[in-house]
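Some structures to go through are shown next.
Across the two complexes that follow, subunit A remains constant while its partner is subunit B and subsequently subunit C.
Take a look at the complex of A and B:
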């Protein structure tokens, strides 16, 4: 990894304890991780290892119980809720495992949604959203509602939405978990292409070996700690 | 706003239920309120037209101490003064006193009401309530019209001759023979059981109080301007010992009956509004909880809670406006129809309402105050029902929404 690469997110010894009906659950027990500009990073680990919790903490969705997350040089969780929302809007794209899309909106409108929040004029955002959908090979689905699309198509729309505002980083939590391997691979191809062509940083979690082997950087979690870190390609 | 609008049609059933609830409440509220106001209006109109008139001019002490001395001289100039006040339509003079009626071996305490047979029909509807015989005729002497119950109790009939006994202005006891020319059925017990009507000249002779009366009954052009007319009259009469009383002061029990009815009606409406508020609150909460995941996505891609709350707020406003609009439309039509075709009822219900001094009739109205009260009450309660859901949305965290299943 090159020395000149810019640091986007830096997590230092973050811990997260949930209280499940009064019983404390340590989901993340002290993780330090640096995300660089241009990363194509997979966070791997079995179910319950803390992947989602870590991604949420990196993505300004969930403050750690202990430790610090620095986003582009600024501590994340000293910000107000409004500032965090704005930061997510401007800098972070999210792809979740499922049910990513707003059901009442069409594919195009879903992609437009963050642009609308940003105040991009209707005509411009319509064009941009359509261009992204076409680039991702689903231009003809623009006017379909989520329930009229397959799971793979929905995840592509989710990726389109995530990259629509030119985010600094896209965080994807098991984006292929609900897809068959062909569709999942196609989605990975797509993310890889976006990473290569548009230099968008991707961080995603998975416990699927086929997905994991495509990572350029890999972090393995178990029981809320990093057990292995490697650069594959 | 667009999302709010679309969300409404997403769960059609719930949206329809919510709108139906608001519509129903609005319609019931407006119908009930309209029925109260409309029915009061009919009652006021009919009951004041029957006997009391909307206004009466009396000696200022007569209402508290009704006796022969608390009367006044009926002069042409006084009548002239009264009839020229704007809003006054017609006037008719009266003398009231207590007396005894005797027929064969029966005698009974009665209320004697002396009227001008020429002007009385211009102001009241007593002459239309004749059951048998005729009303008093101008120029005829020594004739009376009596309540039909009274005649029945006396065992007397139209055509019979009775004796009326009473104390005169000078303290002497007067008694005269009268012929019964008509019987009355008004529905008002005081008149049907105790009322005896005679012409003024006979009363003046019987009571030795020539030219004096107890009341000038005043009819007005427009009941809605009653108080203004009353004020104007009072002003015209300010240098006299006379006062102008309105029907509320003349018939305090009738007025109280209406107030009581109004209160119970309001109580019902308050309950209705509370029930509806909880209904609306419930559907709104359900619709929000159901979409926690969707809201979670919106928040995680960078929407602020405030903006989301605005969307939810508009949703609520849409529901409310549609419900209100439908409700007042329905009630507007129904109210107007009932106003044109009042519901007259009979049987036990009629007896009960007469017991309380009301006419056995239900009317309605489309007066502005009915619309205003409906829209303000239902509108504000709907807004109130929005507060808690909005509060929840404002405090929703993206992850809570996402994790919600």
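Take a look at the complex of A and C:
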């Protein structure tokens, strides 16, 4: 791994403690991790190892109890809620395990939505959203609502939504967990292509071997700490 | 903005039954409030029109102080010059002289205190609604010893059409004048108190009875339109001597005018009550709608929606609900109002109580621009204000807390 590549996210000794009915549960126990421009990184580990918690802390969604997260040279969690929202809008794309599309909007409108929040004019965002959907092979589903699409199709729309604003990094939490292996592989092909062609940085949390196999950087967690880090390809 | 409106509109129909119930409450509230408003305004207008139309007119001229202390001797000096001044005043449509006195009407069976009104039947017929309120017999024709009384007073005095009544009143000298009159007509207005008191005789007969040859106590004026009253009053004040008082109907019946204002304030209270009832429904619905969508709200925040934008989006949902309900309610109210404004609403079962307020049994609703503006502004505003708390509550979630919310 070339250390001269641009650092996007730098987490230093981050810890996260939740309170479950008053009982403190330490989900992440002190992790330091650097995400570089162009990474295709998988954070792997069994359930409860702290993958999703770490991803959320990296993605400006959940502040760590201790430690610091630096995003493009600036500390994340000293920002206001509004600044964090703007940062997520402009720099970070999210793909969730359960797709999380807005049910009342069509595929096209779902992709358009973050662009609308960013203030992109209607005509331009419509063209861009349609182009992304076509690029991802679901251009003909543009006017379907989420409940009219399969899981794989919905996850493609979620990817399209995540990359719509040309983010610096896409954070994908178990993106293949609800998909069959064929659909899951197709989705990974797609994200690999985005990474290769558009140089979008992808960070996954997953325990799916299909995803782990594709990782160019792999970080294995267990009980809230990194137990192994390797560059696979 | 268009996309936010689209989302608001579609979110509204995610739970059709719930939205329909809230919508129905707004529609019913809106229709009720508008109809109540129009009915109240109709009643108030009728009350005012009857009081003004039965006797008061738009403007009255007396000798100064007469309105507060009506004395038989307080006749208008040089009534002909006053008449000329009236004739030269722009926008005066009709005027008539009157002679007035308190007195006693007696029949063979009974007697009653009365307000005697001596009129010029020809001129007076344009001033009051009395000629059109004759139930039996006819209107006065300036013949000697004719009297027009109400059916109520006739019943009290136990006299019939064509029978005799003796009138007693203090003359200008302080003596008691009396004369016999024959009932030529029985009238009936919507004001039972008025009917019990007012009797009409030709002005020449009244002058004889009170011993005031050529005397006039009052000139009553009807303007081309109500809007001209202040200008006419102003003009006459300038044209007439200071020994005369020029009063508009607002000066003469300030209590009724205050009552009109009170009615309008009561309508405002009704708006508040209905608005509050609707507001609770909207708060409840939006809170439920928001707590059902906490996960989705978390996703919106995660993909970069600012808390303030989320707040406006949820307020927009309430505004869409409010405006839709208001529009439907207003349409229904207008559809009901339109025929009722022609046929009136028959409240015959309350006719006695209504008559004591000077209102007839049939109320014609009156839709004022204020009613439309109030309702169109109030209910959507209530909807939006009611949504502030639920919307604010939604913005307090942390994105991950909301996404994990079950």
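Here, the second predicted complex is superposed on the first by the 232 of 233 C-alpha atoms of A that agree within 3 Å, B and C clash if a C-alpha of one lies under 4 Å from a C-alpha of the other, contacts with A are read in each partner's own complex, and residues count from 1 in each chain.
We adopt the following convention: a residue touches a chain if its C-beta (ideal position, glycine included) is under 8 Å from a C-beta of that chain, and two chains touch if they have at least 3 such contacts.
Since we're looking at a predicted model, the values are computed, not measured.
Subunit B and subunit C, once both complexes are superposed via subunit A, clash. Applying the stated contact rule after C-alpha superposition, one finds that A:86 touches each of subunit B and subunit C.
When the two complexes are overlaid on their common chain A, residue A:122 makes contact with subunit C while staying clear of subunit B.
Of the two partner chains placed by superposition, A:174 touches none, neither subunit B nor subunit C.
By the touch criterion stated above, A:112 is placed in contact with subunit C alone, subunit B being left untouched. Taking the listed stretches 151-159, 259-267, 277-285 or 349-357 of subunit B in turn, the superposition on chain A shows a clash with subunit C for 277-285 alone.
In the superposition on chain A, subunit A positions 56, 59, 61-62, 81-82, 85-90, 92, 94, 96, 100, 102-105, 113-114, 117-118, 161 are in contact with subunit B in one complex as well as with subunit C in the other. The part of subunit A that touches subunit C in the complex is made up of residues 56, 59, 61-62, 81-82, 85-90, 92, 94, 96, 100, 102-105, 109, 112-114, 116-118, 122, 161, 165.
On the side of subunit C, the complex with subunit A involves touching residues 2-3, 6-7, 10-11, 14, 295-296, 299-309, 398-400, 403.
Subunit A makes touch with subunit B in their complex at residues 56, 59, 61-62, 81-82, 85-90, 92-94, 96, 99-105, 113-114, 117-118, 161.
Residues 3, 6-7, 10, 293-294, 297-307, 398-399, 402 of subunit B are the ones touching subunit A in the complex.
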